[in-house]
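Chain nomenclature is as follows: A, B and C, assigned in order of appearance, with residue numbering initiated at 1 for each chain independently.
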Amino acid sequence: MDYFLDIFLIAISAALINNFVFYYFVGICPFIGVSRKIDMAVGMGCAVTFVITIAAFLSWTITTLILIPGAPLSSFVAGFFVTEAQAATIDLTILSYIVYIFAIASSVQFVEMYIRKFFPLLYKSFGVFLPLITTNCAILFACLTIMSNVAGVENPADAWGLGKSLTLAFCGGMGFTLAIVIMSGIREELDFCDIPASLEGAAITLIVAGIISMAFMGFAGVDSGLRKAMESGEITFRSQLKLPDSESQISVLLAAFTK
Amino acid sequence: MAKDPTPLERFIQGIIPENPVYRQLLGLCPTLAVTNNMKAAMTMAGAVAFVLLGANILTSLIRNLLKPHLRIVIFTLTIATFVTIVDRFLAAYMYTMSKSLGPYIPLIIVNCIIIARCEVCASKQSVVTAGADAMGQSLGFGLALASIAAVREILGTGMFFGLRILPLSWPDWVIMVLPPGAFFTLGLLLGAVNLIESYREKGRNKG
Amino acid sequence: MEKLKNNYIVQAWLVLLLTLCFGSSLAGVQILLSPKIEANKINETRQKIPGLILDKAALERLEKEGGSLEIKPKTIRVTKNNRIVFYKVFQAIENGKVSGWVVKSSGQGYADKIELLIGLNPSLNKILGLFVLEQKETPGLGNKITKWQFRKQFILKSTNMPLVASKTGATSPNEIDAITGATISSRSICSIINTAVKEIRASLKENPINLKPMK
């Protein structure tokens, strides 16, 4: 139950509350560059989501199996050269950035080959933007977040598993897609407006992005509120469902929110 | 074919005419993220300067050995190594700053400025030119970061580099240190730079 | 000879050479810098501990005498909702006597996790200090929890009753003033402190670590 709550909160946090574009400022370059037409924006968003999920899978696997101290594969290989105890302390996390960027480059290459084979028209319309996904900050950012939750936690039991990592990556990608589609819709309308010449292009995009970012700030506190409401065990449904740790039953859902 | 730009030309071009943020629109991620305050912005500018200088010089040294289809791999490898060195260095000697900059230092790896400079200048010209280009571009980047960070920090907290500038009665425009403020500041300053550039164009065309 | 030249591995000799060079330089950086980074991580918490247990006068006295607090880190296991949670606790010992505990506790704030260091007296019933390690609350509103003006309300508060953040002004000894416009952040701090103290007390009752003076 707790696990699914965590996954759900990670999902809405990555997609809405801490949106990759409007809160963390990653993925701005394609956000400004590709958001002129809605269909291109949707295509770019889906491609980025695809790449981010594959890259997250690769980076989680490599981090857990090779890079962190005490990882199975690296201590197995090191066990041939040094003692068991020393092999368990080998820390390869200094290589993590290089490994991630090459994992991302390979994912992009893989996705490029896939799209060229199965969607040749889409491939043509993407042009040079597809290889440019490698330099999209959002993908590396997702890998870094996963690394900090796997290698950077004090308590090994808190380290993220594959499920949470993939949720973060996929929902982060979905949040990026949402952002870029909203922006492209607005920009299609802006084409009919009378914008001062100096603000045309990137400048007006950034100002509009600022306004949307203010709107997204309204989501702040949603995940903590949900978590508090569900963890304190003060919600029961009208049926006989009783959460395992609640001693009392408060019958109305609203009571939990009017504290 | 026009003559290749000299080192001095490369240096001067990088500061304002070909400013990486305002004219080329590259490297916007750190520009928006770390410009909450001047200290973080200057640390980021220093880190980018180190990586850009190192990557440019190394690429320029091996420029005759680069195979066309492997050069991006080599650029990426070089940049990733330098960024790792900078990141570890910051974690060792400026720990609190490293924690507040967080994931944005490793994001220098995918900062388009560095790959673009390697591609455009360092892989084709000599070490001195590449070095001058790196210094010019990093100076330009630092200037851009400073301009945005100054606006955000002064309006948002009344401080500059942590020192009180505006009187305490100033109602802090907290929105400036939050994400929307970053977008607004960059957008408006970009508009201002475009306006100045268009006036200079008109002046050039008239004369 | 042509076939050899077209072999990918031969063409990539530069990449492989660079990989070796970069790998060794990174290994060098790791060897040089990682002790310092580890020390930074540990000191980040340890440096705060004397300030959380001793008051200003005692701190100055300690500095003048050139003495130092001996700090013993411990981990306390607490079973909560069928999950095991670990608390990192520091025992502060001065001249062989336990002068206090510092508990590192975290919980959900308004925006994200808030991490606290709570200084407690040896019998865990009075708060001696409070420090906010990490918070991502709203700048200008929620992040006022780091200010001394807010934190000093907790000093010398008794933990026998749960602390409550009051919007209208503290009236009873277990109430503190919430920050205007940041009620949820203030309430989160209180609940993190209450939970930590309650769980550590319960756990120590089950398996007591020495609360008595140590030799």
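We adopt the following convention: a contact is a pair of C-beta atoms (placed from the backbone, for glycine too) under 8 Å apart; a residue touches a chain by one contact, two chains touch by 3 or more.
If you're wondering where the values come from, they're calculated on a predicted model, not measured in any experiment.
Colleague: Using the touch rule from the top, work out which pair, A-B or A-C, shares more C-beta pairs.
Modeller: By number of C-beta pairs in contact, A-B is the larger.
Colleague: Which chain has the mean of its C-alpha atoms lying nearest to the mean of all protein C-alpha atoms shown?
Modeller: Per-chain C-alpha centroids compared to the overall one single out A.
Colleague: When the centre of a chain is set as the mean of its C-alpha atoms, what distance in Å lies between subunit B and subunit C?
Modeller: Comparing mean C-alpha positions, subunit C is 34 Å from subunit B.
Colleague: From the mean C-alpha coordinate of subunit A to that of subunit B, what's the distance rounded to whole Å?
Modeller: Result: the chain centres lie 25 Å from each other.
Colleague: Please report how many Å separate the Cα centroid of subunit A from that of subunit C, as a whole number.
Modeller: The separation of the two C-alpha centroids amounts to 27 Å.
Colleague: Check each residue of subunit C and list the ones that touch at least two other chains.
Modeller: 22, 26, 29-30, 34, 138
Colleague: Give me the residues of subunit A that touch two or more other chains.
Modeller: Residues 94-95, 98 of subunit A touch two or more partner chains.
Colleague: Hunt down the residues of subunit B that sit against at least two other chains at once, touch-wise.
Modeller: Residues 73, 77, 81, 84, 88, 178 of subunit B touch two or more partner chains.
Colleague: Over in the complex, which subunit B residues touch subunit C? Could you list them?
Modeller: 62, 65-67, 70, 73-74, 77-78, 81, 84-85, 88-89, 91-93, 95, 156, 172, 174, 177-178
Colleague: Okay, in this complex, where on subunit A does subunit C touch?
Modeller: By the definition above, subunit A touches subunit C via 2, 91, 94-95, 98, 154-155, 157, 220-221, 224, 227-228, 244-245.
Colleague: Could you pull out which subunit A residues touch subunit B in their complex?
Modeller: 22-29, 32, 94-95, 97-98, 101-102, 105, 134-137, 140-141, 144-145, 148, 196-200, 202-207, 209-211, 213-214, 217
Colleague: Quick check: in the complex, which residue numbers of subunit B touch subunit A?
Modeller: The touching residues are 25-26, 28-29, 32-33, 73, 76-77, 80-81, 83-84, 87-88, 103, 106-107, 109-110, 112, 115, 175, 178-184, 186-188, 190-192, 194-195, 198.
Colleague: For the complex, which residues does subunit C have touching subunit A?
Modeller: Residue list for subunit C touching subunit A: 22-23, 26-27, 29-30, 34, 81-84, 86, 88, 108-112, 138, 184, 188.
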